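Chain IDs A, B and C follow the sequence of writing; residue 1 opens each chain.
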Amino acid sequence: MFRYIVRRLLYMIPVFLGISIISFFVMYAAGDPLNIIRLGRPNITQETIDALKVYYGLDKPIPIQYLTWLTNLLQFNFGKSLYGGRPVNFLIGSWVWETVKLQLISILLAFAISIPIGINSAKKQYSKQDIAVTSISLFGVSMPTFWLGLILIIIFSFQLGWLPSAGAYGAPYLWWDNPVLDEIAHLILPVTVLVYVMLAQNIRLIRANMLEILRSDYILAARASGLSERKVVYKYALRNAIGPVITYLGISLGAIIAGAPMTEYVFNWPGLGRRYVDAAMRLDFPLVMGINMVITVMTLIATLIIDICYVYIDPRIRLR
Amino acid sequence: MAETLLNIEGLKTHFFTEAGIVKAVDGISFNLKKGESLGLVGESGSGKTVTALSVLRIVPKPGKITDGKIEFNDENLLKKTEKEMQKIRGSKIAIIFQDPSSSLNPVYTVGTQLRDVIMAHQTVSKTEARKKTIEILEVVGLPDAETRMREYPHQFSGGMKQRVAIARALACEPTLLFADEPTTNLDVTIQAQVLNLLNDLKKKLGMSLVMITHDMGIIAEMTTRIVVLYAGRVCEIAETHDLFERPRHPYTEALLAAVPRLDMRKTLRVIPGNIPNLIEPPSGCRFHPRCNYAKQTCKEDIPVLEEIESGHFVACHEWQNITLKGERSH
Amino acid sequence: MASNKTGQKKKEKSKRRGASQWAVAWRRFKRNKAGIFGLIIVMAVFFVGIFGSFFAPYPARPDPHAYDPFYDIDPITGIGDVRKPPSWMDPEEPNSWKYLFGTTPIGTDVFSDIIHGTKYTVYVGVLVTVITMALSIAVGAIAGFYGRWVDNILMRISEVFLVFPSLLLILVFVRIFTVSVGEPFLNIPIINIQIPTGLTIVIVILGLFNWASNARMIRGEFLRVRELEFIEAERALGAGNIRIIFRHILPNLMSSIIVVSSLTIAYAILLEAAVSFLGFGDANTITWGQILQENFSEMRIVWWAEVFPGIAILLTVFGFNLLGDGLSDAMNPRLRD
């Protein structure tokens, strides 16, 4: 197990380096970064420009610049924001928790809901319920994430006035007169959006896997041994079906986290995604690259956790 | 004569596929005495496995038992509720499948899988179930059972896996065991070990055995009576030595002729043609397109299973007019 | 499969078999109601995209008449609100089709905006998919065909693209390149079509960042087909790699490529809508995402300007997804379930 984790960690190094290279060269995508910065912000001060030159060593050759940046990065020195000049790592630190909270709750909830639905759908293949579930989930895949958020806000915040439309905490007043309930009230709509998006994919995957596994010999053998239907499906089949879903989750984590800016923008959520949109809009390179790298590391850590879960679920992996 | 344990009458199990109705089992009747070893023989696709699955009532979709009677201890299994069947499966009637690597769940330890079966049928505590698991694994000859039960199926060799599968089937000491080609996927040396084990256990536990195979060699060794199936129907039923010496059905003769033998110099005969399409099976006797002795009646009339000597049944229009070669006469 | 007379030349044989294979797929597709529904939606979208300007109630911006609904304000008293709800639910305009989906705070008609946006949707969907598929077929084919270290390197690179939250990078890239755009439209002289520069930049960037998962799929298919016996036979007959790839393997992947293309179009449309909605789109081209972005801040009042363009996106994407699923069922029965 320990060796497996070490191997996975080593395996992540090239991925991390690859992404850091892409992130770094974003600055050079359209020529001299300083020109681009000036385009994005015409009234930038010479002071800031000088600070940038020092931080990135813009007078040195590009590979050296990259190495300087990478070394700084590894020492948690992300540079300073072009706007306000506050250290990037400090800014990110204050936003990261909100994003993690939102994503984690949504992923867990999406799994808890999609498993029973997917299983039931597979057990009754081609039944009315199954057809309804598959077509609704295709509908779900077709829906723009952010638009679902807009609709929910229009209905539940603007028309009905039941839930807050923006933010993570009630700044002017507390929803439902309680700080905990207030936090939950703010979570409901964004979590609904994120869960709905993941749900559709998850259900389709679990259904497809379950269909295959329910036809396998070991399920027939489990039935032949007189195990109850519940045990056969929820113990013997489920654990096998969940593996590919978890693999998929690992692969799509990047995309899920990439969806963060959209949801966070719609709900004005004070997280990394929301700030990233602002930073990218202003071409605040230190902040953009900092958030990029933090999200990358978050994704890699999550992938590692998922890999470990997978080993626990399917013991055959350990040998590979 | 001993009591009848299992009596199957006119069993029909059909698969309702998009291409049409596959009549995998189409009116099979035979019985089994207590303590007997019965062989169920036929090519693949003859309905051997589906018969076994029908008795356990675990025919996979889109299959369905459409007609017939399956009496086990004088109770019709087809009238039982699903709950009642669950109690019978694994405790009274058990089955061993052909491929142990696919019939054991890859994500649970061997011990867990055995314990689940024991706990499904007996009200025992977890520690007691664990003890029983170790016991039964030792009975099937798994060395070092206490540590090995914590391992996963992929950590076992093929022969050891099949021993585990046998242990799972015998965990609750069933009175009837179906062994569905239990040695086909094993090495030859392991085959003999597994067959010996099955024989020993059968004697020890006093259960009845239905051996499903297409291997006439195994059948000769393991059984006392044989049911020959072809395309979902019974061709011939007889005591093993009787069937081997004096087969009365052309298909049985062909099966026997296809067995390689070292002690005799003969060319191996292959049964011409393929197993028929079970969606639109041949009219009359289903074997007639491949039969050397087929006459016009064979194409038109379905032969009935008739008792030609005590305990020897055959379903052939021509049995009186033909002399067939048995094992010894080659 | 249709039986073939012996003695025919091999080429003809494979051609005929090819034709019948497509015919079989079409027959199977016709029975799939959901797929047909998808096809109808897709055809409708293309129709509106091409001919929309002929029947839109108001012309496209920047034509001043695009703001005509604005003049519904009483010219003398100046009383009235630009932000009209959909006319069928507006008590002042009973049974009117004047502004079916309402008007925006700047006085444009949402219905007309949606119709004019359709051509951009088609443009985005098709061009992103062409770029994505060209890249992923190239990468997938090279990795799948040459295998070994080439495969290893390409797959590691694709993993980087898969693991990385690519929308983040897309946003910065789009921003960097659109900041420095000069002319909003490029005129193609002879056919007299205006190409929106900003949108095209967005499209190219979306295409460049999307190839990874498709490339992996095509690589998998390549590996499968490469091992088939007839490829071995061709190789034994001395056919070169290029010939094997283009003449023998790719035609076998055609059905998979078509299915994936349809699904990629759907995804591309969603992605562009997201980029535009976040404010990174081309402000000169009023795509559906752009309409959503423009009216987002006044959403509390002009909810109709958020609801209807979204429905347009949803329906279009749903249509391409249904079509893709239907094609997949019809052409690759082995992929079912």
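Rule of thumb we're sticking to: contacts are C-beta pairs under 8 Å (C-beta built on N, C-alpha and C of every residue); 3 or more make two chains touch, one makes a residue touch a chain.
Keep in mind that this is a model prediction, so the values were computed, not measured.
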Category of the chain touch graph - line, ring, star, complete, other: line
Chain pair with the most C-beta contacts: A-C
Where subunit A and subunit C are represented by their mean Cα positions, the distance between them in whole Å: 24
Separation of mean Cα positions, subunit B and subunit A [Å, integer]: 53
Computed distance of Cα centres, subunit C from subunit B, in Å: 56
Set of subunit A residues in contact with two or more other chains: none
Multi-partner residues of subunit C (at least 2 other chains): none
Footprint of subunit C on subunit A - complex, ascending: 14-15, 18-19, 22-23, 26, 29-30, 36, 39-40, 125, 135, 138-139, 141-147, 150-151, 153-154, 158, 208, 211-212, 251, 253-255, 257-262, 265, 276-277, 280-281, 283, 288, 291-292, 295-296, 299-300, 303
Contact footprint of subunit B on subunit A as seen in their complex: 215-218, 220-229, 231, 235-236, 239-240, 243, 313-316, 319
Residue ranges of subunit B touching subunit A (in the complex, touch as defined): 53, 56, 58, 60, 82, 86-91, 94-95, 97, 99, 102-108, 116-117, 120-121, 152, 154, 165, 168-169
Residue ranges of subunit C in contact with subunit A within the complex: 34, 156-157, 159-160, 162-169, 171-173, 175-177, 179-180, 266, 270, 273-274, 277-280, 292, 296, 299-300, 303, 306-307, 310, 313-314, 317-318, 321-322, 325, 337
